[in-house]
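A, B, C and D are the chain letters, set down in written order, and residue numbers restart from 1 in every chain.
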Amino acid sequence: MREKINQIIFGHDTKSSKLFDVILLWIILFSVLIVILESIPSLNKQFASLFFYAEWAITILFTIEYILRIWSSKTPLRYIFSFWGLVDLLSILPSYLELINFGFHYLLAIRIFRLLRVFRILKLVRFNREAQKLLLALNASKYKMGVFLMAVIAIMVILGTLMYVIEGGENGFTSIPQSIYWAIVTVTTVGFGDIVPQTVLGKFLSSIAMIMGYAIIAVPTGIITVELASKKSEDKVCNHDNPDDAQYCNQCGLKF
Amino acid sequence: MREKINQIIFGHDTKSSKLFDVILLWIILFSVLIVILESIPSLNKQFASLFFYAEWAITILFTIEYILRIWSSKTPLRYIFSFWGLVDLLSILPSYLELINFGFHYLLAIRIFRLLRVFRILKLVRFNREAQKLLLALNASKYKMGVFLMAVIAIMVILGTLMYVIEGGENGFTSIPQSIYWAIVTVTTVGFGDIVPQTVLGKFLSSIAMIMGYAIIAVPTGIITVELASKKSEDKVCNHDNPDDAQYCNQCGLKF
Amino acid sequence: MREKINQIIFGHDTKSSKLFDVILLWIILFSVLIVILESIPSLNKQFASLFFYAEWAITILFTIEYILRIWSSKTPLRYIFSFWGLVDLLSILPSYLELINFGFHYLLAIRIFRLLRVFRILKLVRFNREAQKLLLALNASKYKMGVFLMAVIAIMVILGTLMYVIEGGENGFTSIPQSIYWAIVTVTTVGFGDIVPQTVLGKFLSSIAMIMGYAIIAVPTGIITVELASKKSEDKVCNHDNPDDAQYCNQCGLKF
Amino acid sequence: MREKINQIIFGHDTKSSKLFDVILLWIILFSVLIVILESIPSLNKQFASLFFYAEWAITILFTIEYILRIWSSKTPLRYIFSFWGLVDLLSILPSYLELINFGFHYLLAIRIFRLLRVFRILKLVRFNREAQKLLLALNASKYKMGVFLMAVIAIMVILGTLMYVIEGGENGFTSIPQSIYWAIVTVTTVGFGDIVPQTVLGKFLSSIAMIMGYAIIAVPTGIITVELASKKSEDKVCNHDNPDDAQYCNQCGLKF
C-alpha cells in the first residue's frame, strides 16, 4: 500500500496519480488565492471567519499530504531536506506558528511560497520541453551573463557614488546606498521619479547614464538570443539517406 | 442579387467589392474619430448635436450593412456568432441600448471596438503577407512564451507578497494585490512611481527585482527573434539539383 | 569660378572642399550651441548682446553660403526645393523673420534644425557605410514594422478607451485622447506616473497591458535583428578559386 | 628580491601571487563597503572613529602596495602613468588630501574608484574568456553603435527644442537643455515624471517620440546580437579535408 501511495503522490503517469495532481493543483491555486484575498483589509474584516476555516482546511490537507509523502518515501530524510520537501514544509509551517505566536501576523504571507508547488505538478509534456530548452539556454549563457552583471553593478555603484557627490542629501541623494538605488532605478529604465537629479551636472550625468543603459540593455538580449538560436539548431537529429556530399539532409534540412 | 451583394460585401477581389471596402474603411475610421472626440468635455458641450447626428448616421449605415451581411450570407447563424459577426454587432448595439437606458453613458465607449473592423478590410497584399509571417512566428513561440509568462507571473506574485510583508500598508503596499500590481509596474520597467519602497530592505529587494527584470526582458526578445529568423530562412529560393523526393535541398538546406 | 565654388561647396573630395566642410561643421555645431545656451534664462540675461552678435554673425555667414549655393548650383530651383535646400533656408529664415516680428521669440528655436545640416557634411567613409547598412535593414523591415505599429496603435486606442470607461475623469482619465496618451506612456514602459489607475479593475487591466507591452517589445527587436543579420551575410562577395563542390569559399568563408 | 615581489604583485600564476590577489580582492571590497557605509548619516555618527581607523588602515596598506608596485616595477614611470597606476593613486590620494583640506569632505567619495581595481585582479579563466568575447563583439559594433548614437542624440536635441517651444517654461520646460534632458528621459523609456507635457500638442509629440523610442531600442539590440552571433560561429571546430592554404573550411565555412 505504501508503494501504491508513493506512486500516486510522487508519480505523474498512472491515472490515479494524474487525478491526484489535478486536485492538488486546484487546492494550491485556491490556497494562494486565499492568502492574496485575506490581505485586502476590507475583505479580511468581512469574511474573517471564512478565511480562517478555509485556511485551516487547506493546512490540514497539506499536512496530511506532507505526512503521507514522508511516510511513503523510500528515503524520508532526503525528501524532507530536498528543495521540494522544504517548500512543502514552508506551506504549512506558518499556520502552525501563528497558533503559538499570534502577534507576527505577517508571517502568514510566507504561505505564498505554496505557489512554487505548482511547478512540481505542472508536468505538461510540451510546456516542460520548452522550459527545459529555455533553462538550457539560460544555463549556457551564465558566464556571459555573470560578466555582464558584474560590469553593470560596478557601473551602478560608481554612478551612484558620483551622483551622491554631485547632488548631495538635500536633493534626495542622502547616502551612497540610496544613490546606488537611484542608479539602479535609472539604468534599468524603471524610473520611479521619487528621487530625481536637480543640479545641471547631475542631470548631465544622468543623461549619459540613461543613454548608456539604453544601449547596455542590448547585451543580455544578444546573449540570450544567440544561445536560444544555437539550442534551436542543435535540436534536430536525422537518420535519413543522403548523397555522400550532401551538406544538408534532403528530408529534414538538418545541416551535417 | 443576393449572390452579388454577398460578393461585394464579403469579397475583396472584384472592383465593386474593393470600392465597398475603401468606403467602409473611411466610415469606420471616421466613426472611431467621432467616439474619441465626443469624449473630450469641451468639444462634447460645443458640438453635442453634431456628434449626435453623425453617430446616428453611422449607426444606421452599419445596421444596414449588418442586415445585408446576415441576409446575403449562406450561413447566417454561423456569421452572427463568428468573431467578426460579434464585432459587427458590438459596433451598433451600444447606440441602440443608449436609446433605452440613457443613464449609462460610458457604454458608448464600447463602440471603439469598431476599430477592429479595420483589420478585416485591410487586405493589402504586402502588409498581409508580413502580418501572416509575424503571426506564424508568434504562434510558433507560444509554448516558450507561455512558460516564460508563467515564470514571470510567479515571480511577480512572490515578489509582491514579500514587498507587502516588508513595506506594509503605511508605505502604500496596502494589500497583496496592490503589491503585486507594484511588482508588475516595476519588473516590466514601467515604474509609475505612485507606490515606491521606503524601507532599506524594500529598496534592496526592489533593486534585485529591477536588475532581474532588466535581464528577463531578454528572454521574450530572444524567443521571437529566433522564430522570426527561422521563418526568414524559409523564404529563400534555390536552383540546385536534388532527388525528386527531397524535402530540403541538399546543397543549401532550403525547404521545398 | 562658379564651377570651382560649386566643387568646394557641394563636393567632398578635393582638399579645399574638405576644409570647407570641416569649417562649416564647426560653425554649425557652434550655432546650435548658441541656440541651446540662449534658451537658458540666466545666461540669456547676462550675455544677451553676446548671443545677439554671435547669432547675426552666423546668420550672415549662412546667408552668404546659401546665396553661393544657389548661384553656383547648375539647377538652382531644384536645389532650393530639395530637402537640404529647405533645411538651409530654415537655418537662416527665423533670424530675419524676428527682425520684422519681434514678438514671436520662440520662432528662434526653429534654428535648431541647423543640426540636420551636420548630417550632410558628415561623410566619414566608415560611418557612412554603416549608416547605409542600418538604413537598408530598417528599409527592408518597413512592412513588418508597419504591421507591428498598426497593431500596437490599435491596442493603445482600445486600451485607452477601456481605461477611460473604467477610471473616468476623476482619476485623471478625463477624455479618450488623454487615456490613449496614458496607454502609450504605459505600453512603451515609459511610465511618467502623472496619470495612474486608481480603481481595482483599472489596475488589473493596466497589469495585463504592461505584461503585454513587455512581451510586445520583443517583436520590433526580432524584426530588426533578423534584417541586420541577413544584411551581414549578404555583405560578402568573393572571386576566389574553389573546388566545384565547395559550399563555402576556402579563402573568405563565403557561403555559395 | 625585487624580482620576486614584482612576480607576487603583478603576476597571477604562482601560488604566492594568487594568495596576494585573493587578500587584495577582499581588502578592496572591504574598503568599498567602508566608503558606502560611511556615507549613511546615522552610521557615520555612531561609528565615526571606527570608520576613521578602518579607512586609515586600508589607506596605509594601499600606500605600501603602491610604493612596492613602483619600486618593483621594471618601468616605474610607465606604471605610474598607466591606467591602473592612476587608479591605484586615486585609491589613496583622497585620504591624504583630506588631511590638508578637511572641508571638502565629498572628495572622499572618489575612493569608490577603488572598485575598479577589482577588475585587474579578477582573472578567473572562464569569466575572462567570456568578457573578452563580449568586448570583441562590442568593439566590432562600435561604428554601427556610433551612427546609432549620433542619430539618437540628434533626435533628442530636436525633440527637446520642439517641446521647449510647444510647452514653454511654465510647464517645466524652462530651457532647451532642460527639455533635452526630458527628451532623453522619455525616449530611453526611463520616464521619471518630474517634467511631463501639459498641452495637447506636447502630449501628441511625446506620444510619437515614445512609440519611436520603443521601436528604436530594437536597433542596438539587433546590432549587438548579430555581432555576438558571428563571434559565436567562429567558436566551432571542424575535421574536414581542405587544401593546405585554405583559410575557411569549404564544407562548413569554419575560419581557421
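One rule holds for everything that comes next: a contact is a pair of C-beta atoms (placed from the backbone, for glycine too) under 8 Å apart; a residue touches a chain by one contact, two chains touch by 3 or more.
For each chain, UniProt lists the protein as follows: A, B, C, D = Ion transporter.
Computed from a prediction, not measured in an experiment: that's the story for all the values here.
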{"item": "Neighbouring chains common to subunit C (Ion transporter) and subunit D (Ion transporter), by label", "value": "A, B"}
{"item": "Angle, in degrees to the nearest 5, of the Cα rotation that carries subunit A (Ion transporter) onto subunit B (Ion transporter)", "value": "90"}
{"item": "Centre-of-Cα separation between subunit C (Ion transporter) and subunit B (Ion transporter), whole angstrom", "value": "29"}
{"item": "Chain centre separation in whole Å, for subunit D (Ion transporter) relative to subunit B (Ion transporter) (CA means)", "value": "40"}
{"item": "Numbers and ranges of subunit A (Ion transporter) residues touching at least 2 other chains", "value": "177, 180, 189-193, 217, 221, 223, 225, 229, 247"}
{"item": "Contact graph of the chains (line, ring, star, complete, other)", "value": "complete"}
{"item": "Residue ranges of subunit D (Ion transporter) in contact with subunit A (Ion transporter) within the complex", "value": "32, 35-36, 39-41, 106, 109-110, 112-113, 115-116, 118-119, 122, 126-127, 129-131, 133-134, 137-138, 145, 149, 152-153, 177-178, 180-181, 184-185, 188-194, 217, 220-221, 223-225, 227-229, 232, 251"}
{"item": "Subunit D (Ion transporter) partner contacts - residues on subunit A (Ion transporter) that touch it in the complex", "value": "143-144, 146-148, 150, 154, 157-158, 161-162, 164-165, 168-169, 174-177, 180, 186, 189-193, 196, 200, 203, 206-207, 210-211, 213-215, 217-219, 221-223, 225-226, 229-230, 247"}
{"item": "Contact footprint of subunit A (Ion transporter) on subunit C (Ion transporter) as seen in their complex", "value": "189-193, 221, 225, 245, 247"}
